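Quick heads-up: structures coming right below.
In the two complexes below, chain A is the common chain; its partner is chain B in one and chain C in the other.
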Partner chain A sequence: MSLLETVHLKKYFGDTHAVDDVNLTIEEGEFISLVGPNGAGKTSFCNVVSAYYSADSGKIIFQGEDVSNASVTQRVKAGIARSFQLVNLFDDLTAFDNVALAIFSREGKTRNIAALARRDSEVTREADAVLNQFGLAGKRNELARGLAQGERKLLDVALAYALRPKLVFLDEPTSGVSTRDKGQIMDTIASVVRGEGITAVVVEHDMDVVFKYSDRIVVMHQGAILAQGTPAEIRKNEQVAMILIGSSGPDAFSRKD
Partner chain B sequence: MSLAVAKKGAITSIGPSAWRPAVVAIAILLVLAALPSLVDPYQTVLLTYGLIMAIAALGFNLLLGYTGLLSFGHSAYFGAGAYTVAFIVRDLGAQSMELCIVGGLLGALLISALFGFVCVRHTRIFFGILTLALSQVLWSLAFKFFWVTGGTDGIRVASAKLTLLGGFVNFAGPGSFQRFVFAYYYYVLGLFALATVIMWVIVHSPFGKALQAIRDNETRASFVGISVRRYRWIAFVISGAFTGLAGVLWVPLNGLTTPDILYWPFSGEIVFMTVLGGFRTFTGPIVGAVMFNYLKTYAVASTEYWQLLLGVVLVVLVLALPSGIVGTAARLAARFTRGTS
Partner chain C sequence: MTIFIIQLLNSFFYAAVLFLIAAGLSLIYGVMRIVNLAHGSLYALGAYVSAWVVGGTVGHAASGTLGLAGLLLLLPVGAVAVAVVGAVIEPTLLRPLYRRPEEYHLLITFGLLMILEDAMKFLFGGTPLTAGSIMDHMGSIPIGRLLYPTYNLFVIAIGLIAALGLWWIIYRTKFGVILRATSQDRRMAAALGLNVSRVYVQAFAIGCFMAGLGGAVVVPAQAAVLGMGIEALILAFVVVVIGGLGSLEGALVGALIVGLVRTAGIQFFPEIELAVLYLIAMAVLLIRPTGLFGRA
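Up next is the complex of A and B:
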């Protein structure tokens, strides 16, 4: 049984076919990169699968169950988590509280009204461990709004990760981050995700990064899946090269212009 | 001196951050407890009103400061508490203040659960308008059913007949009002302290953190698995219960409940005292409520145009201290400690 299966998934915005009849199957443990030019529908696909938007038609099957009509919180509880292209944090809470909240929620502890949050040593320990994994331990007590862009991106991913999901969508986790920090962030994410055996779908524009980390690459164009395959297969695909970088021929992806 | 040394010892052994607020709170409580023997009864009454409104504002601020919802209808829950007490005393002949509290809380819970259920379906201005509209419904009901509510005359609740602490303290015999004022001050002070501790725990609990997360980013809150609407509703009900308790305590002191406390300007006063004190801080609503109560009392006493005077003073204060009295004080204190260390 596949972890996730979308069947004829569609989402239109007026005349824009943001997600156009997408049939995608994701196996457990895969590290998938979702690529495509701007406006290809990558974010829309994540939005529909994570219930940010409801689909116009089609089905979403997660672990064999139809979750097409499940709410955001229901899908989160089922094990689907995500981060956001535009950072989405609890800005007036500290980095620690951001992560701790995700853990409290996962454990069903946010119902607890009569105990002090900081007295929960289990959650405190885990939240600190997560911050540490993402290299944010030093920023523990800073408000999320005060963090640097790269740190905010990482914290956004850490929130999704702290839910210990089965499937996580990371929408451009390195956008707006300097090229120097990019590799480091992707290393962190890849090691954490692989270490936990989490299935990940990462939206990414940088093809060097994509080829380096992915098990499989899915190319979207105008809302539809144009091609998918291993990094080696995609590297050879001239149509993909044409659409992604506007040129083709052997080694189109490794030429730097 | 020895007390100070003892406190200092406790501070260094357990850590200053956890103990400093508790020590300050106990010190303030001791001062408040000593006050009635130092000032005249009028001042005691005034402070009692201030503490009662502080409970109301604390409840209100669970929604505004911690959940990010601005209610313009908290008069409804204050009034629900107050009127329930009046009914209990008049129609059931009850004398026990504790019975009044239980009944009044139930009344406020009922109304806030009902109104909250409708209001939390919306946020921002729509939420505010709905809370306002529903509170006005309650207000107009108080007129429509005047044979029950007494209409504009309201319902009298004689303090002399009430008993505190399960009948242990009563006010029969001579000097009734003086004795009531004195005892009731401590009664309110005790409940105020209890309410403050409970609210403090709530906002520092995992539940309280979830509310703050909803306030900051409702979308992300749902994406970490929090049922936003349900949490808002629970916050609404708790908020209403606190404000309802304030209404309960207010009635015996005022001796009368009238539709004024159900009318929207009263909701506005609750908003104002909270903003005045600083809704981004835990103690802001408490300070704001006590201050507002003094300001209003002296404005009323000093001029016929007290509303104008009060309005101008409040506008100036809010413009000068946008983060409220406590918010501004905290910033100054932070700057001061940074400057010295």
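Up next is the complex of A and C:
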């Protein structure tokens, strides 16, 4: 059984076919990159699968169950989490509290008054462990608004990770950070995701990053899947090269910008 | 000197009650971004219910068996009743309107104010109700050569405990983290899988409880009368305008300022006592439009 399967998934905004008849199957443990030019529908696809947009038609099957009509909260509980292109953090809370929130959410025990007193050593230990995994232990007590862009990106991923998802969508986890930080952020994400056996779908523009970390690359264009395959296969695909960087030829992807 | 101390205590007493009301108003605004015009009436409802219970047959029975302790145990009944009313109002009347513009929030809470005022007139009639037996039981303590009602000190203590308790809940508990997160961004909190609807009911009920508690602690000293809610609402607004809507520290400092100015006003410039309060609120609005502790 595949982890996630989308069947004829569609989402139109007026004349724009944001997600146009997408049939994608994702297996457990895969590290998938979703690439394509701006407006190809990558973020829209993530939004539909994580329930931020409702699909116009089609089905979303997660672990064999139809979750097409499930709310964001229900999908989070089922094991689908995501991070955002524009970092979504609780700016007035500390890094620690941000992570703790994700853990609280997962536990879902907020009804129990006795559990509301916070000195819960298990949550504290787990939140500290997560911060440590993402190299943010030193920033534990700093407000999220005071963190550097790269740290904010990592904290955003850490929040999604703390939900202990089976499938995580990371929407441009390295956008807006320096090239030097990019590698470090991706290394951290890849080691955590692979170490925990989490399935990840990463939206990414930097093809160097994409080729280096992905098991499989899915190329979207005008809302539809144009091609998919291993990094080696995609590297050879001239049509993909045309669409992504507007040039073809054997060296199309090694061009640095 | 004695007069000065007594006036200071009077302002603290007044500030304690105002803080209870304004903190609830501020909490509700901070979390739900709703300016609850019915807040004063919820305070009045708490006052009426507490006075009715303590001054009625239940109160006589409790006072007969347990004395003062029995009466003090009954006093918070008003606050609990208002919290229950709040827990019903939020999901039924307010929740459908969160996505609408603010005018709708004002309309529905103003309508609620009218309904509550009439309901109280209908239920409790025009006669003032008091829980004065508590005040009598507690007696007085000498300050200098004068006597001061012990109950007023009790109310000041309740105000302090409420301030510390709220601070602890908001900044030191798991519920507080969830509350602050929800108030910063409800969409994101929902995205994280937090149950925003539940947080809203809880926050609204706590805000109502605070208002009801304000009413409950007032009735042993002053009778519950029709119209007390409107007066309280206006003063609570002065408090949050000065302190900053949505800020707990602001509610505390604002309540202290209004308490001190009002007491001084009654003593030294009774003719313009309320005008001075509004002038202070105006000055704050001109210099710091978000209030002393508010954020833009």
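Note that the second predicted complex is superposed on the first by the 249 of 257 C-alpha atoms of A that agree within 3 Å, B and C clash if a C-alpha of one lies under 4 Å from a C-alpha of the other, contacts with A are read in each partner's own complex, and residues count from 1 in each chain.
Quick note on the criterion: a residue touches a chain if its C-beta (ideal position, glycine included) is under 8 Å from a C-beta of that chain, and two chains touch if they have at least 3 such contacts.
Given the structure is predicted, the values throughout are model-derived calculations rather than measurements.
Superimposing the complexes on chain A yields a three-chain arrangement in which chain B and chain C clash.
Using the contact criterion defined above for the overlaid structures, shared-chain residue A:Arg216 touches neither chain B nor chain C, since it reaches no partner. In the overlay built on the shared chain, the residue A:Lys139 is in contact with neither chain B nor chain C. Once chain A of one complex is fitted onto chain A of the other, the partner contacts of A:Val72 extend to both chain B and chain C. Of the two partner chains placed around the shared chain by superposition, neither chain B nor chain C is touched by A:Lys182. Touched residues of chain A, counted separately for chain B and chain C, are more numerous for B.
52, 72-73, 76-77, 82, 88, 90-93, 97, 100-102, 104-106, 110-111, 115-118, 120, 123, 159, 163 are the residues of chain A that lie in the contact sets of both chain B and chain C, per the superposition on chain A. If you check the complex, the residues on chain B that touch chain A are 201-202, 204-210, 212-213, 215-217, 219-227, 231. By the touch criterion stated above, chain A contacts chain C in their complex at residues 52, 72-73, 76-77, 82, 88, 90-93, 97, 100-102, 104-106, 108, 110-111, 115-118, 120, 123, 159, 163.
By the touch criterion given at the top, residues 50, 52, 72-73, 76-77, 81-82, 84, 88-93, 97, 100-102, 104-106, 109-118, 120, 123, 159-160, 163 of chain A touch chain B in their complex.
The residues of chain C lying in touch with chain A in their complex are 172-178, 180-181, 184-185, 188-195, 198-199.
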